[in-house]
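Okay, so chain A shows up in both of these, paired with chain B first and chain C after.
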Partner chain A sequence: MRISGISRKRLYYALALILPALVLRLFTSLYPVVYTIYLAFFKVNPIIGVHTYAGLANFQKMASDLVVRESVFFTVFFTFLSIAFQTSLGLLVALLLNKRFILRYFARTINLIPWAIPMIVVALGFRWMFDSEYGIITDVIARITGFRFAWLIHPWGARWAIVLANVWKNTPFVAILFLAGLQSIPLELYEAARVDGASSWHCFRYITIPFLAPVVMTTVLFFTVWYLATFDIVYGMTGGGPGFSTAIMSYKIYQETFSHMNFGYASALSILLFFLVGILGIVFLLLSRRVEILL
Partner chain B sequence: MDFEDRRTNLLVTYALLVLYVFVTLFPFYWIFISSVTPKHKLFSIPPLYFPRYFTMENFSRMINNIPFYAYLRNSLWFSLSSSAISVLLSFFAAYAFARIRFRGSNVLLLLFLMSIALPPITTVIPLYELYGRVNLLNKIEGMVVAMSSLITPFTIWVLIAFIKQVPVEIEEAAAIDGAGFFRILFRISLPLILPAVGTMFVINFITSWNELLYPLVFGVDAKSKTLTVGLTEVALESTAYGKPWDLMSALSVVMIIPVVVLVIIFQRTIVEGLTRGAIK
Partner chain C sequence: MKRGLWWFFVVFACVVGVSLSGMAFAEEIRVAIQSFAHEALKPFIEQFETQTGIKVVLESMPSSGTDALTKLTTYYRAGQSPYDVVSDADEASPAFARAGWLEPLNDVLPPDFFDDFPPSMLESEKVWNWLDDKVYRVRHSFEFGYFFYRKDWFDEMGLLPPATWEEMVDIGKKFTAQGKIGVEDALSKPALLYVYVAYLTIQAGGNPFAFDEGFKTAVKFIHDMIYEYQVFPKEALNKNYDQINEDYMNDRVAMMRQWPYFYSVTRNNTEWYREGKAEIALPPRGPVSNASWAGGWGWEIPKFAKNKEGAKKFIQFILSKEIAPKLARANSWFMNPRYSVMAELGDEGLAKYMKWYSDNNVPAPRPYHPRVAEAQNIVDDVVSAYLIGQMTLEEAVEQGKKMMAELGE
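Let's turn to the complex of A and B:
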């Protein structure tokens, strides 16, 4: 509304309305971040009652911890591959569902169902399907290729199985977002291009892609940040194994916290995770600006 | 040639769609089939592709095996409260962001949105210690505080978009008629965007229903565990065949049914709410 004599009063109203959400948010974000940074310089174990200043010891330990290297690698591997697959497959599904056909409504409802179910159910369900003896996926692949593969017992098998299960769960959701993006493109543009004699490929390249790009960018950024914090699927599907091959960052932090009660070290690892999110976030923002210029 | 082209096109489209629907639904089929197959038939090599036996025994054993009704009650209480609190606080904040311009409001909103990037696991230790001191561990209330906070930024973002769609003239007219600020907020604005608030309530309910991390770390004893934690607990048991997949698939089916029902009922509005965040 227009600025007037009562604008000061409205400012107070605005602050009063935002305050509850802000307090709640600060309590569970700013406070933990500050306290985590503090704890990272301490050796803390609540079980035996240790709480002593440790300087950079936690960070030195982190630098020489081989599991941390494995963990950072898998976190990036998981994030990058999941996003690559779900973005390309999601685009394909969205283009398919954007066509006119019978049962379109049915197919769109199906899109929402994997999004709506608990990730832990997906994780354990896929663990069951990838089971080396009784698993249905293992059996189907063995029948087709004649080669029986113990997915979750082999490090690379486990890494790929987690990515596959994750892509299965999130591709339909990505397709929903892309489909909404496709439907926001004005049809007149395609009609006008057709009249001017543009081919299907040209329409796709010069209308669909540029119009869809912002939605794709937003989706990729959102998922990058979200996937770097993945926990449930690893907790349910592999428990970080075999060995430490799938100990994604959040899982490693969880283990240090609740299995080893190493609160200080877990806090140092949390700081590493902040940096990972920050760095990849910034890299992505720079890349997306590049891509937008290319389009 | 054009006709032939179209036909192959259509054929490819349908083939891909059938494949997509099959791949998407297959895990549901498999979990469901597993839940109604007798235990001694479940562990067959090779696995039985089509159900030949039917039993509800897995469900009754699952219910006796864990404090099922307590977990169900906790899950409902946790999800309903987290959803209600986040939607209420988000509505207030979103209204302020959408309707009142003040210096720094954009920065403040940006900070809210950027806080989505904070990995939940990194907030666990400080909250765990604090909850231990104020006696909130093993209490649903503590989990609700963390959970409702987690989903608040996205809820604010979506509700802002919905509020901005409502013409401001309606509120201005009411103001000219002498209605006070909060009267306008509750009597005029809230009813107008109630459908969007309801949508966000359903979306947040589903998100909370599915949440594992917070209930897992803040609720250690049986009286505060949710169904998601219960499922991981059953998964820790082992039998002669490995994991008790009979019980796990039965519990999974019970956890899937409520959200699938919600999705079928509210399909259209859920999609609208979810896509509003990504497409302006």
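Let's turn to the complex of A and C:
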């Protein structure tokens, strides 16, 4: 298709206007990615003045690094459990907030308060709340059960504490997304179903879930990618401890980059995280299509 | 369209102009130091500004060495520095010097400057702050952990402060029998666990980075204090200094190693403090000594500072024998055993204890490694894993040695 003289001018004008933003975007996105891939094959450490080609040495080091193995495990554990809990609880909260009751708009507003608190503040707050001596959570459980559990010094206790704190923080946002989805479902479908004698469960199973499925899938995918790169909650609550039990990939990358200045190794770890995100994302997309078909 | 294009370039030029105008500055220097030291510095800054005509803008630095390392690495790696003078930590400064990111200070300091330093401090300066005979940092604080104890409780029970590890355990058991904590320190990651491990390792005659017999003795002792003697709370594995200070000032702890700032914290807690509640004794002796390793923060000039000449004048001023002692009197963050400082402080407050510890050869060199932040993390990781049962002691030592070997230059 031939472009007329005037159209060509308009095209050039449009390109000139978007060029600065495009260059900035490429520079801040593409350049770091390419440079990270480049660094991953080098041993780079300014402390010892090293910048030499290392081939696959950084990736081989990852395979034998105990902290990396623990980090991958906890990253996946944290992601899957957080997603599972916040999706279930978020749906429950959304269903409640979708009901008609007095002060429901107020309830919808205060529901978002946890999500509005910065994550590092949440992490430090929960660090105190899970404290074995001063923590309110520990104290309430002790009063009910008679058992005082030292959450943050027990590997599995620390892992679950981080998951629970994360779920508390992010469930409200998930609930709001699901609520928006619920409100887009035509009410006539429910009315027609009731006329046909459908129970509440049937309405939920055959109307609510199928219509909400795309929102749920998108939310789960979004949070999966987000949680795989989580850093602040682990940094604030446990620093990766006790031992290596809550070591997480992004925290390990941060340590290698900013504390150890092993830029090459940190870049290799970043690529590992990238593949982890990519693989889980693809698996999830394939699963979501199957689920949509089934529904 | 031509008008639209014309307006686009006008707006673009305005944006660029505003941005560039922000870069113009008068003669000033930006000095970064922890915010709790700002008030004490202000009168001296006014004096400096009057003398030199250079304006000083105070900025905040983190209080943790690893946080300082994180903050500054980002800038220095990019060849920039938002500050002209920085109060920097032991974890960060040697790394920056080796990376070539700091300005040498040799031409800033008078020839007899280091005559004011006692041998123990000078030795530590040479290890941590000098590289190839060039001085890259000079410490303004040089501190070691003090052994705080509840003298009021000890007096009630007719006890004297423990002289050895064994006595500390015996006394600790007496207090745990009363539902109190015998001995406590912060054992959380990152870095705090390393502090206590290094403290005990030196007393056991070892080097924490070598994972030697002294290290094994020290780490096993911590393990036994928690699980066998039960004088040390397991909960400390996730406690930071704020939390153990809370424990102490909630009348729960009998003995605790802590940094000098805790002396001021307790005395400033006027609702709680009474004489005898937070006294200082010599550290209990381990198998080899009762040493307490010394480290600190110091002044440096980044290579990428915008106003190096102004920065050098500031360093010369703030470290001088005239100013440094007065600054130490104003805030303990500037306290160190320089002769001029000790002469100024006399026997007041913490200076009395600093002298007492020095006279008893308590201060010991901080364990050094060229990649100290990484080495400390290795110690933190393996000891934490051992203390919670993820590894045996032998596995922790083996893993630590392997990781340390991989650091090799």
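Basically, the second predicted complex is superposed on the first by the 273 of 295 C-alpha atoms of A that agree within 3 Å, B and C clash if a C-alpha of one lies under 4 Å from a C-alpha of the other, contacts with A are read in each partner's own complex, and residues count from 1 in each chain.
Heads up, the rule we're going with is that a residue touches a chain if its C-beta (ideal position, glycine included) is under 8 Å from a C-beta of that chain, and two chains touch if they have at least 3 such contacts.
For clarity, every value in this text was computed on a predicted model and none was experimentally measured.
Partners chain B and chain C, once the complexes are superposed on chain A, run into each other and clash. Look at A:G243: by the touch rule set out above, it reaches chain C but stays clear of chain B. Contacts of A:L17 after superposition: both chain B and chain C are touched.
Residue contacts after overlaying the shared chain place A:T109 against chain B, while chain C stays out of touching range. With both structures placed on the common chain, the touch criterion links A:F126 to chain B but leaves chain C unconnected. Once the two complexes are laid over each other on the shared chain, residue contacts for A:A198 go to neither chain B nor chain C. By the touch criterion stated above, A:F258 is placed in contact with chain B and with chain C alike. When the shared chain is aligned, chain B and chain C each come close enough to touch A:P46. A simple residue count on chain A separates chain B from chain C, and the partner touching more is B. Judged by the touch definition given at the top, the superposed model places A:I176 against chain B, while chain C stays out of reach. Of the two partner chains, chain B and chain C are each touched by A:Y134. Note on the superposed arrangement: chain C collides with the chain B stretch 130-138, while the other options among 130-138, 148-156 or 166-174 stay free of clashes.
Counting contacts as defined above, chain A residues 9-10, 13, 17, 46, 127, 131, 133-134, 254, 257-258 meet chain B in one complex and chain C in the other. Across the interface of their complex, chain A is touched by residues 13-14, 16-17, 20-21, 23-25, 27-28, 30-31, 34, 42-47, 49, 89-90, 92-93, 95-97, 99-100, 102, 105, 108, 112, 115-129, 132, 145-146, 148-150, 152-153, 156, 168, 171-172, 175, 181, 206, 209-210, 212-213, 216-217, 228, 231-232, 235, 241-243, 245, 248-249, 252, 255-256, 259-260, 262-264, 267, 270-271, 274-275, 278-279 of chain B. The touching residues of chain A, counted against chain B in their complex, run 1, 9-11, 13-15, 17-18, 20-22, 24-25, 27-29, 31-33, 35-36, 39, 46, 92-93, 96-97, 99, 101, 107-114, 116-122, 124-129, 131, 133-136, 139, 168, 172-173, 176-177, 180-181, 184, 215, 218-219, 222, 225, 228-229, 231-232, 235-236, 249-250, 253-254, 257-258, 263, 266-267, 270, 273-274, 277, 281. Interface residues of chain A facing chain C in the complex, by the touch rule stated above, are 9-10, 13, 16-17, 46-49, 61, 66-67, 127, 131-134, 150, 152-155, 158, 238-245, 254-255, 257-262.
Touching chain A in their complex are the following residues of chain C: 1, 4-5, 8, 66, 69-70, 73-74, 77, 91, 95, 98-101, 188-190, 234-235, 237-238, 243, 246-247, 370-371, 373-374, 377, 380-381, 384-388, 390-391, 399, 406, 409.
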